[in-house]
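In the two assemblies presented below, subunit A is common to both, partnered first by subunit B and then by subunit C.
Moving on, here comes the complex of A and B:
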């Protein structure tokens, strides 16, 4: 018995020995042509949320780098394919969105405490610009930016804040926030026109950021269907698909026929619930968020509230390449093309008039005639107005 | 002594090696390239142990210190939750509730850290003690349910995990203890703790290596001495091995079980304190990573021996901190956990194997007896 164990030990040592000796034979890699490396750290939602994180990844990987992540490696895509992936409004932009030849470095975070080391890792890997996707990375971006004054950072969805919540500025950090309430207003107005009974809103974490979606959406419903009730509910997370599905099923059972979600991966469950109700013959619709989520349930999606995280990431990468990445605090709304709604592919009676109405509302918001509420206090004032 | 060490550790070492090899093969097959798998593994090793090649190229000490910090941070958490599970095992209990006890400890540390004004050194110690008390009390609940009402601790601790999540993450953190600054801002979690309550960083600002790691190492050594060198520790082990015999020889079985569960909960609670005081400096919106459940794997792979648990936690802390870098080679983010899970499977498989072997050995003489 003793000999048997000794043999196993020796075998294990031999295996370990082999593994160690291999790298010594490895040839040094040929030097690659110098490219700007752009890092991106996702929040815990990660790749594959078909929403917020995927939008940021699209801006970096497909648009800025001209590559697609398939299976476990990057595959180059043609300029033509990149152009075809652009929605109409983005395709019209000048200068055009086309690959910049940057090298993407992407790390997905698995826990809150990993944000800071992940950002630092990408800086250490040579990223000239590192993107922190989501307000939850605010502390981490601030700490890493202070420690690495020679590197640039882009923070999505939050300004930099000190411990007391006052905004601070760093010379190497650009921040981008969106007027989600404006895009949500338009999809809310459309929901009001389409719904025959009630509409629903499913949020993720109950935080001011998500309250902006809710306030804008409710105001939008009010603008086209003042009598329609809006149910709203929060899952408390961004990565619990089951919770989203459960809440959506509850709403559908209560007679809601259009549901808008702003709940990250939880929203996949919302869409799943709507899709199932749809295939059992109910006339219900879902409204996606952040990215165009039509492909998740082509029959059941009315539209999606688009938040151009992809464009914000792409523009930062382009500014980096062109050497003009300034540390500004950017706010993107309807006017700037930072939010909007996806192509409405669903067919319903009165579609042409409905879309004309939505476009008119868009013009009025851009012109400043409608002040879209962004929190519950403003929403009350908005609803009280005639 | 040496032979005992080898015999005890060998199944775990082999299981970890087998898990590493299997995942290596899996990555190589998925990427259709052994080179990718090798690069990814090397990145993981240097990411966990310190980037020695780049250091030798003259990259500065930060490329060593940062990986150490991340590995030690993860190892400290895994060691404490692993010890928590192990000490309950020693008393014959399967504590699946380390996650819930850790959450209770974390919120206690975040509360004490933010609300009290105390001098440095005293403040973190008090927060850690508070977390240990909170976790310990939460650990006593399943012990009381078991001894008074006969509820099996596996059932009660699983359910208490969910109660902890609901109580802390779905109520306290978004309700009464929500960050005061959050008015119109998107800040998640509780107030940040005072600077005095933060665990000091051992290598300055370059690395997140903090004093909590020393707490975890000290806990492992003290627990080892307590179990192997004191009367109480001996009695606890006796209760775990044979409760009836322990009772017959005058050991207060109930007392030892209460004690072990309180200790188990306290250790898990301290893990929560380390997370809050060491790196997060507040209770985040959720404790995303399941360190409490990882503790079960760490305890089993460490053979429930405090020093074995510490060694296992160091290994997996380094693997998981370094494993993030595998993503840069297109490897899926779950591989570090997969290695840990497979190692657990092989350790458990080995136990089954040993058991079958022992059974067949016992049977054979019995079958042969009539013939002789």
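Moving on, here comes the complex of A and C:
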């Protein structure tokens, strides 16, 4: 009797386990030719983070596969809808972004230990290309890529590193990193133009990746408002909304009127604080990160620093379909359209001139006339220069 | 300089209420002799229920729902600890784990994995006279819960030390057998206190999701419940002590944040991680320095069994 019960329990667990890790998958249509399957493993942020993972999913599902995830299944969307989802600068790209007819296989990670099995699962399911979203998947992508030399991988936000932190290369892994400092520079320049007192920067964990945002932002502020002070602070986490809010409140009370965050979920708290200050009558703005975060606080958002993870994923899928997916280390900056800033919807005096100035700065960065600092040492050199 | 001080006070006023409510809850339960490490879980239930409730009913009612959710978990804890005399720490930890998992599961099943949709936040009161005066105006612009958190500890103190019910609560925690011989129902008192603790912890959680933020976010309360237990110990199991400890922790936290933005050079000398760990380190220190059991109620953690003496 006892064994019988145990068996039922185990069977139930097994079913539950399968269900959880089974990728959401489109029904194959028999009439069409064989589609390339492209897998994607999110980091623990998962679907619905309004930022990094959602951007990667958009690149794969909406742009490359031409489907939308609704409820628990994929529903096809028209080419027109895909085109409408593109931001202005992406829509201008050549060749145009349009569905490639790949088949998406998506697995969300619940914990850090899930990364490796999830990647392997997608390889076993026949994914020709598997995307690991976020630097936290670096080890897992490396391990699975070594084990499956016949499959291709895309790692977002980090090069492959050996145990000592030196870059390594694998013949079947493409990596993509972004020049976040360049996008941050532009939003910093805008913040400098809009701010009447001081500007603030709120970071998540104090790691080199986030330091790039800070350095670029500070340099941007300096380029348009050399006298404006920049307060900067780190929450030390990416998942403590209250900490983000407190830091922002502290800055707002000290006279900061534009705050840029690069703090993951903590940033929601930053935006919350800005929203509250605004509803109490203060003329303050927030600047979002990664995706366009305008919808989180429509009145209070100045713009967002955009990181085109979607484009990186889409381009890898296109290269796969065209049979030219090379194992390169890609760096996407302003020039490549990999970073940028979201449409500025807020109205403020001198908006047209400010935007013209930002566009001019963008042009100069693309032309290589401005070398945007990406760490504190370079920032000091930048600030020391006239 | 003035605005730096003002920012510090404002932050403390905003951050402290959740901690004050939860630590008062812990005091209530432990004064009656029931160890309560389940505060974290009860806060999570409160935060979740309040946010979900506020999606359909007005937010103040959502807060009440949050309190009730905390009380439900409190009732479970009470039933296990009083009716079945289970190990109280284990029951508390079980409640934490269940609340963590259930919150995540329900959140994903009903909404998105990362949080509920935004709700109407509790109204912030702008106090007409106060807001003109420098420094003091830091007390203006908070939700009603902040002012409740200022008043409740004193009321609680009076109730515990100046009323017959308070005497019974303390007796149930110090010498339950003696209380029972005088006709006090130890089980009844303990049930009331543990459920009351759930109400208060639920209120603390609801503060997070309706006043601090305008939604339930999947990490809530992110360790604040354990901080509340620490505040209770630091405050030597008294309402005013727990309030002072909560205020101290909140001010310390505000100070850390204020220093980071105003005087970054200080953080080159004192690492931020050290400051983050400070409340817990201080609590350990207090625990280490006090005499054995110290200020804790004598019968704390001992299930009451009328058959023994």
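The rule we apply is simple: the second predicted complex is superposed on the first by the 353 of 386 C-alpha atoms of A that agree within 3 Å, B and C clash if a C-alpha of one lies under 4 Å from a C-alpha of the other, contacts with A are read in each partner's own complex, and residues count from 1 in each chain.
In this section, a residue touches a chain if its C-beta (ideal position, glycine included) is under 8 Å from a C-beta of that chain, and two chains touch if they have at least 3 such contacts.
Source: prediction; values computed, not measured.
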May I ask you to decide whether A:107 touches subunit B, subunit C, both, or neither, giving the answer as first, second, both or neither?
first
Could you tell me if A:73 is touching subunit B, subunit C, both of them or neither one (first, second, both, neither)?
first
Which partner does A:205 contact after superposing on A: first (subunit B), second (subunit C), both, neither?
first
Please work out whether A:157 is in contact with subunit B alone, subunit C alone, both, or neither, and reply first, second, both or neither.
first
Would you sort A:236 into first (subunit B), second (subunit C), both or neither based on which partner it touches?
both
Considering only touches as defined above, state whether A:46 meets subunit B (first), subunit C (second), both or neither.
both
Quick one: is A:246 in contact with subunit B, with subunit C, with both, or with neither? Answer first, second, both or neither.
second
For the overlaid complexes, name the partner, subunit B or subunit C, with more touching residues on subunit A.
B
Check whether A:142 is in contact with subunit B, with subunit C, with both or with neither, and answer first, second, both or neither.
neither
Where on subunit A do the contacts with subunit B and the contacts with subunit C coincide?
46, 108, 206, 236
Show which residues of subunit A lie in contact with subunit B when the two form their complex.
5, 8-9, 12, 15-16, 19, 22-23, 26, 44, 46, 69, 71-74, 105-108, 110-114, 116-118, 120-121, 124-125, 135-136, 138, 147, 157-158, 161, 163-165, 205-209, 236-237, 375
What residues on subunit A touch subunit C, complex-wise?
45-50, 108, 200, 206, 231-234, 236, 239-243, 245-247, 249-251, 253-255, 265, 268-269, 272, 276, 280
Help me check something: in the complex, which residues belonging to subunit B touch subunit A?
6-7, 10, 13-14, 17, 21, 30-31, 36, 38, 41-42, 47, 62-63, 66, 69-70, 73, 169-170, 174, 179, 181-188, 192, 205-206, 208, 275, 279-280, 284-286, 288-289, 321, 324-325, 327-328, 330-333
Parts of subunit C lying in touch with subunit A, wherever the complex brings them together:
3-4, 6-8, 10-11, 14-15, 112-115, 121, 124, 126, 141, 208, 212-214, 217, 219-220, 222, 253-254, 257-258, 260-262, 264, 272-273, 276
